Structure formats: structure tokens, C-alpha cells
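Note that the chains are named A, B, C, D, E and F in the order they appear, and that numbering of residues resets to 1 at the start of each chain.
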Amino acid sequence: MTDSNLDRQATKKPFHRLLLTGAAGNLGKQMRGALSAWADIVRVTDIAPLGDVADHEEASIVNLADEAAVHALLEGVDAVIHLGGISVEAPFEDLIEANIRGLYNLYSAAQKQGVKRIIYASSNHAVGFHPVTSVVDVDAPLRPDSLYGVTKCFGESLSRFYFDRFGLETVCLRIGSSFEQPKNARMLVTYLSYRDFVELVRCSLFTNRVGHAIVYGVSNNRISWVDNTKAAFLGFRPQDSSAQFEHLFPAGAPDQKFDDPTQLFQGGPFVLAGPMEPKR
Amino acid sequence: MTDSNLDRQATKKPFHRLLLTGAAGNLGKQMRGALSAWADIVRVTDIAPLGDVADHEEASIVNLADEAAVHALLEGVDAVIHLGGISVEAPFEDLIEANIRGLYNLYSAAQKQGVKRIIYASSNHAVGFHPVTSVVDVDAPLRPDSLYGVTKCFGESLSRFYFDRFGLETVCLRIGSSFEQPKNARMLVTYLSYRDFVELVRCSLFTNRVGHAIVYGVSNNRISWVDNTKAAFLGFRPQDSSAQFEHLFPAGAPDQKFDDPTQLFQGGPFVLAGPMEPKR
Amino acid sequence: MTDSNLDRQATKKPFHRLLLTGAAGNLGKQMRGALSAWADIVRVTDIAPLGDVADHEEASIVNLADEAAVHALLEGVDAVIHLGGISVEAPFEDLIEANIRGLYNLYSAAQKQGVKRIIYASSNHAVGFHPVTSVVDVDAPLRPDSLYGVTKCFGESLSRFYFDRFGLETVCLRIGSSFEQPKNARMLVTYLSYRDFVELVRCSLFTNRVGHAIVYGVSNNRISWVDNTKAAFLGFRPQDSSAQFEHLFPAGAPDQKFDDPTQLFQGGPFVLAGPMEPKR
Amino acid sequence: MTDSNLDRQATKKPFHRLLLTGAAGNLGKQMRGALSAWADIVRVTDIAPLGDVADHEEASIVNLADEAAVHALLEGVDAVIHLGGISVEAPFEDLIEANIRGLYNLYSAAQKQGVKRIIYASSNHAVGFHPVTSVVDVDAPLRPDSLYGVTKCFGESLSRFYFDRFGLETVCLRIGSSFEQPKNARMLVTYLSYRDFVELVRCSLFTNRVGHAIVYGVSNNRISWVDNTKAAFLGFRPQDSSAQFEHLFPAGAPDQKFDDPTQLFQGGPFVLAGPMEPKR
Amino acid sequence: MTDSNLDRQATKKPFHRLLLTGAAGNLGKQMRGALSAWADIVRVTDIAPLGDVADHEEASIVNLADEAAVHALLEGVDAVIHLGGISVEAPFEDLIEANIRGLYNLYSAAQKQGVKRIIYASSNHAVGFHPVTSVVDVDAPLRPDSLYGVTKCFGESLSRFYFDRFGLETVCLRIGSSFEQPKNARMLVTYLSYRDFVELVRCSLFTNRVGHAIVYGVSNNRISWVDNTKAAFLGFRPQDSSAQFEHLFPAGAPDQKFDDPTQLFQGGPFVLAGPMEPKR
Amino acid sequence: MTDSNLDRQATKKPFHRLLLTGAAGNLGKQMRGALSAWADIVRVTDIAPLGDVADHEEASIVNLADEAAVHALLEGVDAVIHLGGISVEAPFEDLIEANIRGLYNLYSAAQKQGVKRIIYASSNHAVGFHPVTSVVDVDAPLRPDSLYGVTKCFGESLSRFYFDRFGLETVCLRIGSSFEQPKNARMLVTYLSYRDFVELVRCSLFTNRVGHAIVYGVSNNRISWVDNTKAAFLGFRPQDSSAQFEHLFPAGAPDQKFDDPTQLFQGGPFVLAGPMEPKR
């Protein structure tokens, strides 16, 4: 699969071929443009349609739960930006396919194909049951706030194993809320601008050694629940802040709902979202 | 299912009905006897034959990946000793059914049925990639040494979520090597006598509050890689030691194989065991 | 008391009624102006004369040691900015009335009246016996440098109890030296500009959940003895610095007085101030 | 006061004169006997009658809130075992006299009289709002479970100040439940035998340097909520255990009352005891 | 030696006489200019020629291993900036003279002469065997990456002893790479601009109390392997960054040489440099 | 040198040849007997006469500062028990030869000869400036109490380097006071019985992997200043206690000499011993 015309032509960029999963999603779209500067060939994949395919791109629709397809997908790949899988609370039978079996397939294939690094979209929901009155660093105990969060913990454990066992490096990005702009007051804290998101991926890809790293993906917002000090070796210095959006969600008096878990924990609404019933 | 003759008769013991999974296994057999003193009814289950069934026992063969069967299994249960699932390295497609889907089914059913506590057989292989020249406490970072170990990390995360979200308590027992006697020099360190194992389960069941607890299941062996100080609220005081077996594996000069990961890491041979190819 | 004309008129601001104690003091005066923007009604109190009373203000002279008066004072109050009490070393018999009995009265009344949050002016003198060659974070052990400092430790313990027991939230502001400008070299380190002080109170009032929080009140001075990382959830980002005043107290060679405790400890002159004899 | 016949006669024991406060109380009575071996003269005091006075004893009824009386009481004293004050939840106006003003009087007088060490009966209720599913060491954050507990935190802060400021040493004994035998299941965890209590005081008195030390006063019970590792310099090695009393309070199934704070926190019933209304 | 014309004339600057060792070296030259503003007299020394000597300078060629010469050198000195000794990997027999015997001579003489503070050029090579995927703070365990690094650990221990024993203060500067500009990609992380170096020395000299302090000497570079939070009491706020030089060493794809220790550890090439054979 | 008759004959013991330095000293004599059980050949060395030489022994008088002699000494050696060098405060010019140059020679030769492990007699004087009111674990910051202690810190750094760089393992034994019996009250705390000392060396030699380990060498004394929890992987469980000697140094009242550093710090008299003047 990899001895394509693209392979023969491309010669100049830092990476020869990068794989972007979840390329049709919100963050995948942000990432797709940036990757052209970093790799001769960008292989993009999703389970959803991928739109127009640029000259330097190889596009394929792949279900990550399909082992053979994933192994083919990883062929000839230097590094992976893995944004694929389910990124919200969902029935466990769906999560198990996308975020557990799919992720195993990805790591198993990457290891067999000699891929050296995966940038893994973990989530702040891996630690969402920490209270909003605390600040978590990258070593904080796991406190998933949803079945989705549990699968992100799984991804962090699985990738740790592949690093300890095979030397396959991973940067786990515990991404907060990366949208055009914050959608509510909580996202003023968890906001990650698109620009900072791309920079975070850039740092994760280009730092010469990352081992198995965990880093919070948040902009330089005024209020912070996270502390990236121990991940300073990645060189991620966010440029943006949610301060410009604070007027959209003016702080009132505290809401006095002292029993509302969505206000008490960093995960916000996720802490009540699951487990969901499967659709039958 | 629960309004059985057993239900109507039994009245005197601390628990009305306990569920023991993996009852046909090595540790399951050790446990099965002890449980009769603690519960009026002991429901025992496995995927393997369960042998003779005592008067106070309810026996059923259940595959934990069978959601409906697991929900039936949890009916009327006060607490669970979960020793079921796969306890060695195995192909991931097997582990996913037994240790991931099966565990989810167990917790999902337990929560729906109002079960208040699960004693979960985790494993020292959740932290097996810590070096043998370190001592890990119950807060040490996860370092699974195998895909099996990764599924044990999953179990610890999942059970944490069920505690934070629903108040369903779990004690995660990171069991070392619980056999009649140690089988090699490494097991002198990880040895957990059957007597200490039963006591550990007793402490985990009868301590009035356990929250989400992690504890290492090792006897009071001379060499130790673990530190249970932070789990002292469980009251587990091992009575046995592997010292009586040290003569079986006399220490020689260090083996000089400084590149042998099975000697460098607490997980021993597990660190090289996986991932295994599925049997096809 | 609370069904006043003010109550009936005011309708628009985030808080209906805020209570400011110590309103006639140095920091009270700074605060009083700012509060008008945040509350329909600002109840101001002190044992000293309160000067002109604005339309939105309710003023009363209250001795905090007067239990009944304090209970009346808290009626209808949403939140308290408690700057009252003694803020320098004093005879213990005075401190006990103002800072111990008075504080208990305040918390007892606040709890009974359903007040949800108190902003408590603690002090860096609660930790003033830490050496100037260390940096203390918000979890540093208490090391009061004076009887005054001991009463501030008392306040932090009392407020912790009211939070754990009743859910009454407190932010303990360990205020450094908040004056127009630093008065000596030590205050270059402990300086908190008035603007930053007001912002710190704003953050403490408007952050939706604060639990029982401790935060150091210092500006972004060049030299720092404190570390607010774990209080980042409050969103306090000081804008000012004492750098503009460094020329007033130029650093000379170290003073060579290696036995002078006022130079060795963060509390400075406080460490030798007390205990004072009562005036008789 | 101190040039008594007792002074002139006594010459041989490690201490010349020890002061025991609270000598008429439960623990005071235990202590009183032991002290005769350690000091030529034992000055005993309480607000309650002190019973028969031995030849080596000086007895006086003193209210600790009486400043002048306390100063007289400390004259000629080498060291103090301070068991006096209120040791249960009480109205704050009572606590303030006995445990705050009284303690200040004691320290103020001790410092003026040149006393070098005070053994201070603090309490596990200074940290009683830590959950029963945690283990606290001697540096754990203060979490008082009652107004009584708050006054014990005050005592620890006040004594820290007297040590940092004047070099007056204190050992804060966070005494659990020291009775003839445990009175309920919780006291199986917090039990301190009388023999271990006396040994703890002995260690605290005779260790050559103690600085400002904190140590938990519990016997070597099976279940433990505390960790004295950092106080090992005191040499306290409890000899007794509550194991012999476990049959009195047999563990049943967990009580399922998951909202009962008296079961969730180390302080047990204290967490709901206060604040009490003053008797009027 | 010290009653020179210089002594009699100079009267106005913060320090009377500062000693600069290693004055002929790369950093010595940077420092020499700055010192004229801080001291009436600057004594400069090296084993290499010192070039032109300014009016306020006293120059002497001294081998630090020469005990008598060093004692003379320290006479009349207020504080020392010690940049002398060997600053690269070298045969141990050379290091022992320059960095061990020489340093002992310096401290022994300084203590005898009543010098109050030494600014000691330690090195990041004292911790160079920490991986590049970690961030070390000033309390991180020593991990020297070379015999040179071992001698820097020696210096930190020796100076700690002189502080604990005699009160002679030291700031250990763990200097990264202080050159005109970074010479390779690694130095983008360890870069310390000359301006920031001078400021770091200024802070170390003029902070009134430093005790025995350790601080990393790096500019505010994008990627960081160090954390100076606990040294914030020194007031060092770097103004420069290596960001302006990043284009010189553009990050490519990770180099894939996963066994290359020079890429794995913070010490870079130093980790393979030694031990060197002596020149014979 | 190693193809001796001894080499040809010996065949059965765990080690072929062990080297014991300092064999003529107090602890060397204790060790010498035990080694015959562990090695076919025991090479013993000292600068002092070695007494009778057993059949299995090779004896040689070697000055560790003699590089060539040390290289010859290490030939054919499997592991080293290094008790040689100076073990009390001494002039630095003596310490530099014995404990710095000598130790470098030992490590340099061991690395070249392929020796895999050194048991290094470090000392509690490497941390002797920690107060007696603290408990140090094996990661506590270095606080040497003497120039002798500084050289022990050097040894720990040097051996760390040889492990990180070459994989040469070391166990640093921070030996307390190993004599027939304690000689004063302080040694009741630091006492290491001869039997426990030999057991500590046995554990250090026979544990299969030790990496670079630090462990305190003290018996199970009642009072303890040290915490070996993190070294539990060595399996050292002391059997003896100084309790049997407590009657020799009965605790009196505290000595009241609050300014006496020999009573304040763990190093005891060492903290005032040095630096000594060289003998000239």
C-alpha cells in the first residue's frame, strides 16, 4: 500500500507520512490543514466522509474495530495523531468497539509496523471526578467521570504498556473543550483554542523524546484546574485565553446548588451523563 | 430467582447472600469454604464445572460476557467476591470479553441491583513494570506489564467510576502469587498464603466503609516490593511469610543478566508474555 | 431587619446583600467602593466610625464579640467579606475577643442565617515562622509567628470545620502587605496592591465553588515566598508588582546579622512582636 | 511557693517537679500513679476534687482560666503533662475559657517560669473529618470534627508558636479512645490502652529533644487510621491491641447507611455533636 | 594584603570587595564587567592570564589547589563568585585538584576569613542523568552524568556542610549552557543568556538571606527540563529565551535512535564523555 | 593474579571471589568470618596488618590511593564489600586520599574488571545534620555533618554515576553505630548489632537486583531516626535491638542544653568534630 506515487514524489518535510484518525471530526478538521506542513504525505481516515482529498493526502474510510483494516492503515506510517473513536458518553457496547478494541488494534498495528509515536487524544474526563476546588497535575490519580472517561483511562494504560514493553512513545493529550469558543461558563476553564490545540500537537510530534507523556490541553485561561509543570519538557506554551469570552458567561453569585454534582466536579455534565443504555 | 428455599431458611449470618465468581479456580476453591461462615447463601459461579454444591450454595455456570445472565446472577446479592475472568496473559480478543465486557456487565448489574460492595481481584500485574529495586505503595502510578495487566487497570478505573458516580464500593486486591507454595524465587516476594488471602477478603468484606480501596495481597515476606501503609484502614495483617520456603530457592550470586527484563521488573515473566496472538 | 427599603428597591446585581466587616479599616475602605458594583445592598460594619453612608449601604457599629449583635448583622446576607478583628499583634485578652469569640460569633450566625460563603482575611502571619529561604504553598504546615498569627490559624481551622460540617464555604486570604506602597524591603516581597486585593476578593466571591480554600494575597512581585499553584481554581492573576518600588529600598550587601530572626523568617518583625502584655 | 518541705527533701528522681493538670479525670488518674517514679514532686491540679494526696504530691484546685493562679501553678515546674480542659464537645463559651484562654495561660506562665516542655493532650478530633477510608500521618491537614476539635487545633498552633518563638518544647498527643476497654466498634480502631498511654507520656517526657512533635496515641490495633512513622524519634512502641476486644463488637455486613457521617469520618459521633448551644 | 590603596579609597558600593574566580573564562568575562557596579574592589583570579586590570580590580593568578594562596586570596573578601575550576569532563586526577581540593581550600579559607556568602557555579550536569522526559525541581535526587558532574555534587554537599556547620551561605547555580547563543538543539533547552546569567548572580548576591540554595540557571526557554518554583525567594526572573534561536536548529521528526543515551538524558553528550583517561 | 591455586580448587559457593576492603577494622573483622560461607575465595585487604590468613583467603596490604595496586586488587573479583577508607572525621588532605581518590580508584578498577556490584559502607553522617526530631527516609536530602560525611556523600554520588553510566550496582549502607554494644545514649538509636550488620551485607550481596540502593544500617531499636520502607526490596529485617542496653544509659530529664548542636542533630558529636587541621 505504501509504495504509492505519493511515496515516490515526496521528499522534503520532517515526516514522510503521518496518519490522522478522526479526520472528519471537529478537531480532525483543524488538524488536517496543519499537517501538510509537517509531512510529505498525510493519511487521513475516519468512519465518516472525509470531503475533498488534497494532493498530499491519502484518504480511507476505516472502522478502527476492523483489525485487518487498521493494520493496513498503519503501513508506512511514521507517527499517528489519533483523534478517532467516540468522544462523548455512549453505550458501553459502542465504546468498547471504538475506544477499546479500536485502540488496541491501533497500537498492535503500530507496534508491528514500527511506528515510533502516537499522539493520543485522551481527555480531561479521565480525571473529571476531581472537584472543581482542586488543581490536578499530570500525576493526579485517575478519576474518570463517565464510561467514556474510563475508556480514556484504558487508553492511557494501554499506551503506557506499549511504551514500557516496546518503546512505542505516546503523548496523551487530556484535551479540555476545543471549540470555536466556550459554550458555557465551565468551558471558560477548559477552553483550548484551535490554535493552541494545533501547537500542542506540534510540540507532541516534534519534541525529540517524549516517552509516555501526559499533558493537559487547555489554553492559558484565567481560572485553571490543571497544572502542566511536569510536562514542561514538551514545550507547550498556550498563546490564547478564554478571557476574551468571559463577558459571554458573566459570573453571578454562586449558584447555591450545593448538591449538584455537575457543579462540583471538573467533568461538569459528564459526571451525570452515563452509563447510557444501548440503543436497541 | 432470589426467593428460593435458601432465602426463606437462612437468617443468622452477617451477609444474607454473597456471590463468588471464578469459584472453580485456584483461589475460588480456597474462598468457597470460608464463605459459608459469612453468609446464609453463597452463590457460586464460573464458566468451568463447580463440583459438588453444598446446601447453602447456589451454583450456576455463567459467562460474564453474557449481559442478561450476569444481571440475573446479581439479583438478591449483598456483596460480590469477583475472582472470575482471565488471570494470565491472553489474546486481547479473549481478554476483552472476560475482563472488560464481563467486568462492565458485573458492575452495571451490581449497580442496578443495589449491590453495595465488590471485592475485585486486581493484580500486581497492574503495576508490574515498576522495577524490582523499588517499593510501590497503593498510589503508585499504573504500570501494567501485559495486556492482562492493562485489563486490571481498566477494572480499577471502572470500579473507581462506579464508586464516585454511584457509591458502589470496591476493594481492589492486587494479588501477588497465591499458591500452595512459591514456585520460584520471584514468588518468595509476591507470595500470598491461602490463609492470608482468605483473611484479606474477610477484611475487605467486613470493614464497615472501604470506599474505593486498593491493597496489595502479599504475605509478610522478608523481601517486599509493596507498601500497604495507606490501606491500613482495612486491617489486613498477614500472618504468614515465604521465609519457610526460602531454602527451596536459595539465593545465589546475582544472575548477571542485566538485560533480562524478567529480572528487572516486578512483573517477572509477564513483562515478556504478551501481547499474544489470538488462536485462530 | 432585612425587609428594608433597600431590600424592596434593589434588584439587579449579582448579589443582593453583601456584608463587609472591618469596613473602616485600611483594606475595608478599598473594598467598600468595589462592592457597590457587585451587590444591591452593601452592609458595612466596624467598631470604628464608618463615615458617609451611600444609598446602597447599610451601616452599623458592631462589636463582633457581641453575639446577639452579630446574629442580627448576618440576617439577610448572601456572603461576607470579613476584614474585621485585630490585624496586628496584641494582648491575647484582646485577640481572644476580636479574633476568636468574634469569629465564632460570625460563623455561628452565618450558619444559622444560611449564609453560603465567607471571604476571610487570614494572614501570611499564619505561616510567618517559615524561613525567608523557603517557598510555602497553600498546604504548608502552619507556623504562626505571633499570637495574632495563632488566631489566624484558629480562623482557618474554624472555617474548615464549618465547611466540613455545614457546607459553609470560606476562602482564607493570607494577605501580605496591602498598602499604597511597600514600607520597607520585606514588603517588596509581601506587597499586595489595592487593585490586586480587590481582584482577589472578586475571584473569591464569584468563583462558583470554592469549598474551603486558602490563597496567598500577594502581587506578582519579583521575589516570592509563596506558591498559589494549588489555588489556581480561584482564577486570581495579580496584575501588579512591587518592582516599581524596588528603587525605594535598594538591596545592599546582605546585612550580616545572621542571628536576627526578623530577617530569617517570612513574618519579619512580627516574630519578635509578641506576646504582648495586656494594658492594665 | 516552691521552697516547700518537699523541695528540700526530694533529690533522686529524673525530674524534680512535674505538673499534672486534669489530674482528677479519667486519664489523669492513670497518670498520677506513674509520675511518682519520675519526679521527686508531683504537683497535681484540677477543677474537680483530687482525692487523697500522697506524700510526694502537691495538690491544688485551679481554674485554668485564672491567669494569676496558673502562673503560681507553674512556679518551679520542670515539665507539664497537660490533660486539663474540656475533652468533649461543649458550648463554645465554655471551650473558650478552658481550652483557649486556659491553654494560653498555661503556655504564657510556662514560658515565663522557664518550663522546658509540655506534654499536651491534643486529640484525634483535630483530624476527625478525615474519612475512615484514609490513613493520616502526623503531617495530615487539620480537619477538626467539632468545636472541641477546633480548640485542639488551636492548642497545636499555639504550642508551635511557643516552640518557634521561645524554644518551649511540646509533644501533642492526639489521643484516641483511652478507656478500660473499647465501648463500640469505632473504638476498636482508636483504642489506646492505659498502659500504652502511660508509655506514650513516658516517651514524650524522657526523649531528650522533641521540638514540637505530633504523635497519635493509639495502641497497636488491627485496623489503623493513623501512621506514626514520622514520630518514630519518640520511641513509642505500643504493646497492646484492641484485638482482644474484637469479639465484643463483631463486624457484621457493612451497615449500608452510606449517608451517615458518623460512619464516614474518623471522628465518629463527634462530627455531628456540635456546635452546642450554651446552657443559659 | 587587604589594606591596599583600593581599600582606602573605595567607599560607596554595596559590597566592599568581591572575589571572582575563573575570571578569565567565558562566564568570568561576562561577570567581570558587571561586578564593578556592585563592589568597590573586585578581586579577580584565574590560572589563565587575566588581561587588562581595571582601577577597581585586584588581579592574581592562583591555582585553587594551592592552600596557602587560596587563604591569602580570601582575605578581606565579602563574598565570592566562584566560577573557577574545571567545567567539562576531565581526568579524575585533574578534577580532584581543581574541583575537590580547590573547592575545599576555597571554603576552608572563606570560613576562616569570615566570608559570608559564596555564589557557586554548580551545573545541570549534577542532575544530567535525569531523562529529557522529566522535569527536575531543585530537590530532585542527584544524578551526575560525568565525573565532572560528580564533583559538582561534591561541591553542593560541601557547601551544605559549611552552611549547616558555620552559617556560611551558598547559592549553587546549576548553570545550563551559557554562551552567546545555543550551539545545538539541546542547548535550546539549557540556554542561559549572558544577561540572565548576570541577573542570576545579582539575585544570588543581593537577596538578604539565601541559606543554602540551589537554583537552575536557564533562561525562559520554550522547552524546560527544570522547575525553579522552590527557589522563587531568590527573585530570579529570566528575561531572555532561546526562542529566537529555534530556527537555527529546526525540529525534525524524532531521530528514532532510541538507544542513544545522549538523546535520552538531560546531560546530553556528557553522559558518554567520561570517565576520561589521564594524560600521561 | 587470579589464576591461583585457590581459583583452581574452589567451585561450590555462590560467589567465586569476593573482595573485602578494610578487613582489619572493627567491622571488617566481623565480616571476614561470614564471607567464607558465601565465596570460594575471599580476598581481604587493608592498610593495616591482616592477621592470620585462612586457606580460602587472599590477603594483601593495599593503599586505596595507589591506582595500580587497586586495579590489581579488583582482578577476578565478583563483588566487593568496601569497608575501607577513613571512618571518622579527619583532616581533609587525608580524607581526599582515602575516601575520594581511593574510592574513585576502586570504582574505576571495578568497572574495568567487570565487577558487577559493590557494597559500599556509607554512613548516617551523610545525613547527620538532620535534627533528632525528624525521621529521614532513604530519599532525604543529603546533610553531611562533617568533612567525613561530605566524602560519604561523594561516594553515594560517584556510585550513582557508575550505576547510571555503566550498570555497576551499589548498595550504600548508611551504617549507624556498629559496636559490641552502644557506648552512649545516642547509640541506643543508631545501634547496629554485629549480627544485623552481617545480615545487611548478606541481603545486599544476594538480592538479585539492587540497582543503586541506599539503606540505613540500624537494628530494630525502640527510638528510630530512619525509615527504610523504600529499601524493603533488599529484605533487610533486623533481628536485634538496643533495648537490652537501655538500662546502661537511663533517660533522665532532657538535658536542657538547648543550644548544644551535638544534642540537636542526628550526627551527634560529629557535627562539631570538623574540619580538623591537618597534622604537619
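One rule holds for everything that comes next: a contact is a pair of C-beta atoms (placed from the backbone, for glycine too) under 8 Å apart; a residue touches a chain by one contact, two chains touch by 3 or more.
Since the model is a prediction, treat every value here as computed from it, not as a measurement.
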* To do: Treat touching chains as neighbours and tell me the shortest step distance from subunit C to subunit F.
  => 2
* Structure fact -> Separation of subunit B from subunit C in touching-chain steps, minimised, is 2
* If you tally the C-beta contacts, which comes out ahead, C-D or C-E? -> C-D
* Asked: Copy of B-F's interface among E-F, D-F or C-D, judged by over half the contact pairs being the same?
  -> D-F
* **Rounded Å distance between subunit B and subunit D, as computed from the means of their C-alpha atoms** => 42
* **Where subunit A and subunit E are represented by their mean Cα positions, the distance between them in whole Å** => 42
* Structure fact -> Between subunit A and subunit B, the Cα-mean centres are separated in Å by 32
* Intercentroid distance (Cα basis), subunit E paired with subunit D, Å -> 51
* Touching two or more other chains - residues of subunit B -> 229
* To do: Could you draw the chains as nodes, link the ones that touch, and say if you get a line, ring, star, complete or other?
  => other
* Where do chains touch, given as pairs? -> A-B, A-C, A-E, B-D, B-F, C-D, C-E, D-F, E-F
* In the complex formed with subunit A, which residues of subunit E make contact? -> 131-135, 185, 222-225, 227, 229, 250-256, 258, 263-264
* Asked: Which bits of subunit A are touching subunit B when the two form their complex?
  -> 92, 96, 100-101, 104, 108, 129, 139, 141-147, 149-150, 153-154, 157-158, 160-161, 164-165, 271, 274-275
* To do: Please give the residue numbers of subunit F that touch subunit B in the complex, ascending.
  => 14-15, 78-79, 116-117, 167, 169, 205-211, 213, 229-235, 237
